[in-house]
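First comes the structure, then the notes that go with it.
Labels run A, B, C and D following the written order; every chain starts at residue 1.
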Amino acid sequence: MKNLSVKIGDLVFRNPILLASGTVGYGNEISEFTDLNKIGGIVTKSLSLKPRKGNPPPRVVETASGMLNAIGLANVGVEEFAKNKIPYLKKYDTHLICNIAASSVEEYVECTKILTGEEKISAFEINVSCPNVKDGGLEFGNNLSAVAKITESVKAVTNKPIIIKLSPNVAKISEFAKVVKDSGGDAVSAINTLVGTAFNIRTRKPKLFNVRGGLSGPAIKPVALAKVLEIRSKVDIPIIGIGGITSWQDVIEFMIVGATAVQLGTINFINPKASELMIKELEQFLIEENFNNISELIGSYII
Amino acid sequence: MFITDAIVENKTELENQIFLLKLYSPEISRNIKPGQFINIRASENNFPLLRRPFSVCDVEGDYFFVMFKIYGEGTLYISRKQNGEKINVLGPLGNGFNLNDNSKTALLVAGGMGSAPFSFLTKIFSDKKEIHTFIGGRSSHDVIQYGLKNIYISTDDGSLGFKGNVIELLKNKINNFDKSELKIFACGPTPMLKALKEFALNEKIECEVSTECGMACGFGICQGCPIQSANDENKFLLVCKDGPVFNVKDIII
Amino acid sequence: MKNLSVKIGDLVFRNPILLASGTVGYGNEISEFTDLNKIGGIVTKSLSLKPRKGNPPPRVVETASGMLNAIGLANVGVEEFAKNKIPYLKKYDTHLICNIAASSVEEYVECTKILTGEEKISAFEINVSCPNVKDGGLEFGNNLSAVAKITESVKAVTNKPIIIKLSPNVAKISEFAKVVKDSGGDAVSAINTLVGTAFNIRTRKPKLFNVRGGLSGPAIKPVALAKVLEIRSKVDIPIIGIGGITSWQDVIEFMIVGATAVQLGTINFINPKASELMIKELEQFLIEENFNNISELIGSYII
Amino acid sequence: MFITDAIVENKTELENQIFLLKLYSPEISRNIKPGQFINIRASENNFPLLRRPFSVCDVEGDYFFVMFKIYGEGTLYISRKQNGEKINVLGPLGNGFNLNDNSKTALLVAGGMGSAPFSFLTKIFSDKKEIHTFIGGRSSHDVIQYGLKNIYISTDDGSLGFKGNVIELLKNKINNFDKSELKIFACGPTPMLKALKEFALNEKIECEVSTECGMACGFGICQGCPIQSANDENKFLLVCKDGPVFNVKDIII
């Protein structure tokens, strides 16, 4: 039996496969396809203090091997989440990571405070990088001292691990990872979506109501791998790799460049069984390549 | 919901660029209802990346039908599938038409490819209700009558039937029917649904419409397909999960 | 007859289609497929003061709807270029834009000085953004004052238009465009490649000798469009749009978001006739959409 | 160089996953020489994005042949092409084998799919030279003898012919030939070419090798395919343009 488990701080994940924020809602629909008990964990859609309606349509558009989304952080808000979504998720023996988005440091803190008492929540992932909200999202993700402030402030109100989800739309992502580490953050997630757009050439209007959206899917995998590698080679902090993963091979590739765990995003829309299916194949790979623990792969690149 | 490889049993080109696929899949065929849809993976690779949604057009035992028009890359690829090939489908998805109302007469109103879901609905309603079908198209080539009955046709260019749009045609004919016993079921482009909503509300005719929206997942996890609720200003409904069929009263078109 | 010509400063291009640096060498091979007399212009492979051998293989690897390259600026050097490449290019009635890469401000200046006397050269494109050279490339592209310095210094030694080719690997590309404008630059090109990587999961080695490479091709088009739109909406400077163009529709899309002209890169490898073939289709589009001049499309987005 | 749609005339699976395609294209067939290659577009869309290079395996009038093994996505797609379908090809590319030397005997040395270019070379050399062909493979399934003659076989697992690698086999047999009249033509994986180079230089036998390298363009515009020149430390040659066939003396393998 090969050991697929990985650790981030004191959290032990049964395998490195998590489901990414915004691509599985609050878990109920995807659980019809994937047995959540079999995967490492699930990250919620970004939650804000108050429910958010999100952007008008069109919110999604396909691009070459990718898609743009401008959902606008549509979510039920932390209270409704605690009341009506957590009970369902409690049925599953999997790590629940709560992703939080906010437009001020205070709002991040308040959301965390409200939720930190929930036993089911294993960790918080702080989204400082959503490019779709005009009132803050991108600004925080691009500002080192804002990221430091958010990390510290949120750490101060919870004992649960804090994972900061970094924006790729910066020149040096490792500087942000360093700030997270120095501010007491437990891990970073990399990457969120790249800023992109698309226009209809006949109407000359944007294909997204919000004009700009976030690019995800296989198209961005090379960029995501480079960001993970950059962080890994410069900062000693656990990394959750995200971006364009569609196969077990991609999972391995992310781990090799330095990810301790990974999150699957866009692939869930195409094959909501993907996460569960990868697990067997990961084990097979360990057998073929003679590893006992998948964690041996983390940052095992040979340059 | 299933994810399954359906097998192409037959492919017919009904009109230039409009195809009818007969697909073998007991899971889908035995569980899907009129107005529900399936999400098709057009290729095995990243291109096209996302699935493409299609209404179920008809069901015969273990077979279901999809009727579609070549629009872009995805539909082009699907149109090239040969008999015996597999097509990966996810479904049944969404909520179909309400099959349990007690109206006596159903008016089916279709714009262009909007006629796709009505073959199946016609079959299910046949022994329960009187059915009349209004189809509008730009020209005669857009008017697909497959599996429909008691058909009234309009075309923008007058090449077939009434010259004008299908809602105008419906207005012209509405007095032929006893309004108290009527219900309208519609599917078509947004401007058509908009005009229809106004008409139906004015005339106080019950009306369900099948809506469309760009989708990423088709089953409620991406939040990609919002439609404004008519009952709560602060709420978007999801076309894929709360629809695609809505009572016109519940949405803002 | 529709008018496809566009202007950047005093330069008139017969149509907005140029061929991008590093994807057409010095023009000789591609001229077997595309009549260079029919297109707007051609940008040379980045030239440095001395010839550069470039990186060992592997230098290229395919990714989803894209490719990574780490050529390492292999080029013949400015002198050999002037002596042996310009004479060939003189045969063509098309704009020759010389792309220059260097590892110091002085080297940029010297290269420009050496070449500025060449009548055939219509403009210089200054590559401050090649991510593949360790001794400077990326640093310049990420440093506002370096970009200012380079622009000014190069402008000082030539009367030809100076186009600065911007890096997309920054948080706010419009800040760089602004600096270019303020320093006297005539136009900007956007974008160069995104930093990316790929690893072989069996050997755990990078698929590129240089580890990191530049991502190009359709995968990056949404990002490139967003960068062009960002510049267009913030800075009044002509933009040459680059990134993932494969069809005439893409050309139009770039012009709508603000590009005055475009460059084709990766598509030349796949269909070296692409540039010439697009021209007819652009004209057809103008007819269908009732434009007389293609320049009416520039920045014509409706938001 | 042409960019042209070649038409699939015939497809044969020679071994599991190894195919021979017969393609109609007068432009390519009438202009290509042994050792040259063509660059194939595996699909019309962005996936796979880049063309895939293949040696010309043989030519018959207006037809040329490509022999390939399924390796990844690109070769998989090409293997699915049906008779009558078009395949977009760019070529002829690169420099082939030197056909004008005056050696009396040609030893063709192939590793795995490296036998691909030798059917055509055999045909061209047949009336000029004596030809002996050495083929190595991991097992008998990797040894393709299509269009070759006077064949000596080695397999790593001993399932066919000599157990060992093809260079060992060549060394065993070399004394059967008059070295002064020999020339070696080789194609195969880099380690094989490396061993062969050493052998050929030691034995002072003229030797040309067909090399491989990841490519983006195939015709000299991307600089993606360098190979170290043996004559100038500061120079890379381009496999696609200066090669793929080189005299072993000119390159560092």
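Here, a contact is a pair of C-beta atoms (placed from the backbone, for glycine too) under 8 Å apart; a residue touches a chain by one contact, two chains touch by 3 or more.
This one's a predicted model, so the numbers in the text were calculated from it and none came from an experiment.
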**OP:** Would you pick out the chains that touch subunit B and also touch subunit D?
**Re:** A, C
Subject >> Neighbouring chains common to subunit C and subunit D, by label >> reply: A, B
**OP:** Averaged over CA atoms, how far is the centre of subunit A from the centre of subunit C? Could you give it in whole Å?
**Re:** 34
**OP:** List the centre-to-centre spacing of subunit B and subunit C in whole Å, with centres computed as mean CA coordinates.
**Re:** 47
**OP:** Determine the centre-to-centre distance between subunit A and subunit B, using the mean Cα coordinates as centres, and give it in whole Å.
**Re:** 36
Original post:
What residues in subunit C touch two or more of the other chains?
Top reply: 64-66, 217-218
Subject >> Junction residues of subunit B - those touching two or more other chains >> reply: 46-47
**OP:** Name the shape of the chain contact graph, picking from line, ring, star, complete and other.
**Re:** complete
Original post:
What residues on subunit C touch subunit B, complex-wise?
Top reply: 64-65
Subject >> Interfacial residue positions of subunit A with respect to subunit B in the complex >> reply: 22-25, 29-30, 32-33, 45, 51, 53-62, 64-67, 69, 71, 74, 217-218, 246, 266, 268-273
**OP:** Spell out the part of subunit D that touches subunit A in their complex, as residue ranges.
**Re:** 46-47
**OP:** In the complex, go through subunit A and note every residue touching subunit C.
**Re:** 63-66, 68, 142, 169-172, 194-199, 201-206, 211-213, 215, 217-223, 225-226, 229, 244, 249, 252-253, 256-257, 285, 289, 300-303
Subject >> Residue numbers on subunit D that touch subunit B, as the complex places them >> reply: 43, 45-47, 73
